[in-house]
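Both complexes below contain subunit A, partnered by subunit B and then by subunit C.
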Partner chain A sequence: MKRAGLVILCTFLLIALIGPELIPLDGTSHYEERFAPISWRHWLGTDYAGRDVWAQLVHGSRDILLIAFSTGVFAVILALLVGVGSALIGGVVDALLVGAVDVFLTVPSFPLMAILSALFRVGDPITFGFLLALWSWPGLARSLRAQVLTMQHREFIEVARLMRMGSWHILWREIFPNLVPYLSLNFILIARNAITASVGIMMLGLVPLRVENWGMMLNLAAFQSGALFLPQGRLYLLAPLSAIILFQYSLILVAGAVEEYFDPRLQRN
Partner chain B sequence: MKQALLGVLLAGCAAQVPQTGILCTAGEWDMPPAYHGNPWAPGGVGVARSFVFEGLFDYIPQGKQLIPRLARSFEETPQKLTVHLEPNVRWHDGHSFSSADVAATFQVGFLKGLEIWYYLDHIETPDDLTVIFHWRRPSPTNRLLALTEPIVSPAHLNQQHLDALRGLPHQEGERDATAEAARRELLFAERPPLPMGTGPFRMRKVTASDMVLDRFENYYRAEQMHLQGVRIARWGRNEVIWSYLYAGQLDAISPACPFDVAQEILRRNPSLSVRKPSDMNEMGLVINCRDKPLKDLSFRRGLAYGLDREAIRQLACPAGDTSQGLSLGLVPSQAEEWLGNQYSSGLTRYSYDSEKARQLLQNAGRELEIMAPAGFTDLALLAEAAASQLNKLGVAANVRLVQGELYAQLMNEGKFDIAAVFGAQMGPTVHPSTSEGRFFAADAQLEKASGLPRSRQAQDWVAELRVSLDPRRTRELTGRLARQQNESVSFIPCFEKRLMVFVQNGPRVEGWPSEDSPLWSAAPLGVERLYCSLAVQGYLRPSK
Partner chain C sequence: MKKRLLLSLLTVWVALTFTFILVRQMPGDFLHTLALQLQNTHGLAYAQAREMAKLQICYDPDEPILKQYFHYLSNLAQGELGRSTTYRIPVLDILLSALPWTVFITFLAAGFSFVVGTTLGFWTAWRRGSWLDPALTFYATLTQAIPDFLLGVMLLLVLGVQLQWLPLRGAYSPETEPGLNLPFLASLLQHAVLPVLAFSIPAVGSWALSAKATATSVLGEDYLLVARAKGLKSWRILRDYLGRNAIIPLISNLATSLGALLGGSMLIETLFGFPGLGYFLAQSIGTRDYPLMQGLFLLSTLAIVAGNLAAEILSHQLDPRSRR
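Take a look at the complex of A and B:
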């Protein structure tokens, strides 16, 4: 199953990498062809404007993958730096960092995003991912800090200290491998949330609206275009939904593989 | 035991379903505890306004018919309008209704900026059943402004506000903004729990999900009215309304609705039918002409030629009427009435012509952004369709959704390229001064947004149009403004919006007028107000 995850993920990456070059996307509407069924011309039918759904999925995959991955990466790095840093350094730095985390946890993101949308334009998916990551890391940072604080008093860390292992060794060889499963699971959750959150950000106007964004496709299908209410519109609804589910499932399987790689007990089994 | 339990369960379910004679619709209001019954203060009252309050007359634009409500008749000269009120009218608290209440409403309404005060000098109440409006500026619209304004302020409950308003100057140039603000604050501070009016229905309760209104038994036309009450569900989102319609739980509602969804709803629920009156407004794209390339008239013309409005209309407003390539500052369906049948002669018609557009749209130089208000499905779809068409023409364009308040701010500050907006709007007076005023009046939002130099001459024409009683002069001024608007290409109209009013001759209510009835032309002035008017006129009856 772990291999299946890798295969699905690689397929998505391949689609995102070369798909848009091979499959053209005609964004204009062809009203008379709306909600067309599966055909040789339209592999996954058409949407409410008669646009090809498969082409939208392919063209949306690059942005979606970049947004999901970059949000996950930025959020995990920020959480690691702040959470692990504050636990290891302690004292005033710990108090300051915990204070910063609390501020980020309590500041309501929605009104702040609305204000930001008046000031800034975000064009590329990496910056978009960073923006989403800004509101995704604090909870993880707090959990990591708590885990590291607990771990510091566990026997194997005490032993490492008695054996005069360096701080870097303790951090990277003793503590970090124990955090990896937790980090990979959170990476997936954050990446998943990024897809749905991206719709909210588009609705706020912080980034341009893209009808080929999978989350936006789902939103348009379920709410704006009424595909949810139409038998002929179900395919348009199911296509982005299935893509999102498959993508997340592949991430979960890959996360399981990562966990296995870092956990010797799982490797033995 | 099982049967008893089932009985209790079914009885519970039955209690949730409104009985025959109860009109079920949906609308918006502030959820309790924010809800209040002050019709002047922000928030509050909500959709109940149309059922609890009423005006002196109901106006039907098609045929220009005035149907008596609180008033029986009127007579007028250019200088004054004399209205004779219906006797035996009572407020919901039992107090008698009189001319003092009409005067109180307009006087208190001055603080809220009622448009009538541009024309009105003072109101006289010679007796309890007569009101005389004395005009400072006689105009073709002042009669409607006086006769259709809901009467919401009973004099017996507003004495302190009327006392506070005494001596406050009403004329422009003499007004005291500070004093007005202080009195407005006093007015807004009042928070009765429920609204109280003279209308055919009185509020019983309001919750986060429902409003319940009962028939007002002392209503002066009670013998003519057959309905027992109104139940209003909270609107929320359009999809919720579509679900209600699927389930047959609403008797009348006017949601934005894609063509296919409407067809599916009608197929599933045969007791429903649709009326499609014009909404008396036009949707399109306002252009910010401050910066290049939109500063160039030829580029703007290229945009006007390059947009396939029929394709946009199909997506964004399937029930609407496609704009025919003219931007007149009037709703297209009213153009002939106000400009004559030769109205398009001498005007540039920007019919869809992609080749011409390509020639004019060269060297855009940058990506254009089309702004649309979040939550307005039709405007968002309009923007999206326009952006994709421009991209196909080689002009890079994207869409940006913006929240309501911020949207207005960005428009006012000129921080946008192109924005999807309502253009010409002719309600509630259905007069060209209203719609041309949106483009050319001194405080015109659309001209301000476009950034074109303000035309003093056009402002004067609008000011004259507002008070012109000569039909020939009215047509001449409207024509001049239409020409100026059309040739500036600061606004590209895409379609005239039509409402989709779903009505159900179903298990609770029946008697909806047929599609060709002129009564539906009143829908854009307030569709709930029309439902209430139909109830008062006796059209709506409990289902047999």
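Take a look at the complex of A and C:
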């Protein structure tokens, strides 16, 4: 089961990386071919304008992955800066940062993400990821702070201090490696939530990304083109929907595997 | 407790300030457009129309910024939220008409998933080692992978469009007369089924998992052993000994999640055309209706803050151990 998650994830990565080079995307309308069924020419049929659904799915995967990846990266960096920083600096800075984390955890994040991405007219996946990351870091920052605080009093850090190792050395060589398992697990979870949030915002039609983006496909299929109500439009609606669910499921499985890999207690052999 | 209250106030203040900045972010020609419209509809001079527009949206770019900020706060304190630019009525009226719908659907969904989920979780903990355990874990992982709005799309497709068992959109059928009559109430419940299911199917899984965890920790207690030794019937142990103690931490979680839900779900409400807070929030962002967006955002922040506070108070009240 754990391996299945990795296999699905790698397939998605492969499709996103080389798929667009192999499968051409024809963005022009072919009205006579609208909502065509599955055929050799159109593996997943066509949409309301006669465009190939499979080609859209392949070309849209890159955006989804980029959004998920950039949200994960930005959020982990922010959480590290705030969480580790506040634990190490302490005092007034710590109190202020803890307060900020609490406020960020309380304000409704999905509406905020939606408002900001709509008002700033986000046009590319990386900026979108950054905006999502702004509201995705506080939970991780809070637990990183707690981990660093307890780690400071563990023997190996005390020893490193007694050996007069520099504080940068302690931070990078002693503390950071211990955070890696937790960071990688949270990276996956944040990326997963970013997919849900970004697809939701796009589905509401608040961010005008390209037509082949999965969220846009859902928006067009469910709200704009009436594909939801046409039997022949089902494929156009279900293709991006299944792709998103499969992708999410693979991330859950991979997260489980990562947890097991780093935690010896969870390993069976 | 004091700290919690301070934090709540801080959060509300941040939300207030954020919405203030949001309104200042409004493109300048927006006021101009509104003024031109008013000029045409009311036959006013431009300067007069502009003053009127400023009043309507509670925003005056000509004042110094600090004065604007205090003006904004004092308006809010008086419940003056301005007028929606798309619906042309006071924002407060929209909030008051949408709030009951969101409260209705939220309490229905949260209540349903809480009761079903915790019962399932306690039962699984009670019968540990049975087939229920892996089945529950599988169900919870699977439903977690599906964002609730995509689940909503699938439910809509299968139960609404394909089988035509349930209505597709809206809160009640327009053919019924709102009020305390049977056809209206029946249509109300019928329309609520799909959104409630979309909320509850994943929520049941996560409630069951946490209920299982708290119940498992209670199972090791001595009083449970005593209850069994007394020869009490197992449903009585489950209800009065296990359930009563294991539910305490879950009730404060329920308060938190109610607060989060009360802001309204933009996606579910839009998908089902359900006229709650989330529906209007999505609309207002799409049409750049700043006063309405601001009011809705403030309201959902208040709901979350209230939910968190209620959770804190409840866990204090319900668990004698956390009292001094």
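By our rule, the second predicted complex is superposed on the first by the 155 of 269 C-alpha atoms of A that agree within 3 Å, B and C clash if a C-alpha of one lies under 4 Å from a C-alpha of the other, contacts with A are read in each partner's own complex, and residues count from 1 in each chain.
As a working rule, contacts are C-beta pairs under 8 Å (C-beta built on N, C-alpha and C of every residue); 3 or more make two chains touch, one makes a residue touch a chain.
All values derive from a computational prediction rather than experimental measurement.
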item	value
First, second, both or neither for A:M202, with subunit B first and subunit C second	first
First (subunit B), second (subunit C), both or neither touched by A:F229	both
Subunit B versus subunit C as contact partner of A:Y48, first or second or both or neither	first
Subunit B versus subunit C as contact partner of A:L237, first or second or both or neither	second
Which of subunit B and subunit C A:V107 touches, first, second, both or neither	second
Subunit B versus subunit C as contact partner of A:V211, first or second or both or neither	first
Partner chain(s) touched by A:I252 [first = subunit B, second = subunit C, both, neither]	second
First (subunit B), second (subunit C), both or neither touched by A:S29	first
Touched partner set for A:G99, first subunit B, second subunit C, both or neither	second
Doubly contacted residues of subunit A, that is, touched by subunit B and again by subunit C	114, 118, 203-205, 222, 228-229
Touch list for subunit A against partner subunit C, complex	99, 102-103, 106-108, 110-112, 114-115, 118-119, 196, 199-200, 203-206, 218, 222, 228-229, 234, 237, 241, 244-245, 248-249, 252
Footprint of subunit A on subunit B - complex, ascending	237-239, 242-243, 246, 257-258, 260-261, 264-265, 311, 314-315, 369, 371-372, 374, 377, 380-381, 384-385, 387-389, 391-392, 398-403, 406, 409-410
Residues on subunit A engaged by subunit B in the complex (per definition of touch)	26-29, 31, 34-35, 48-49, 114, 117-118, 121, 202-205, 207-211, 222-226, 228-233
Sites on subunit C touched by subunit A in the complex	7-8, 10-11, 14-15, 18, 22, 25, 141-142, 144-147, 149-150, 153-154, 156-157, 161, 260, 263, 266-267, 270-271, 281-282, 285-286, 288, 293, 296-297, 300-301, 304-305, 308
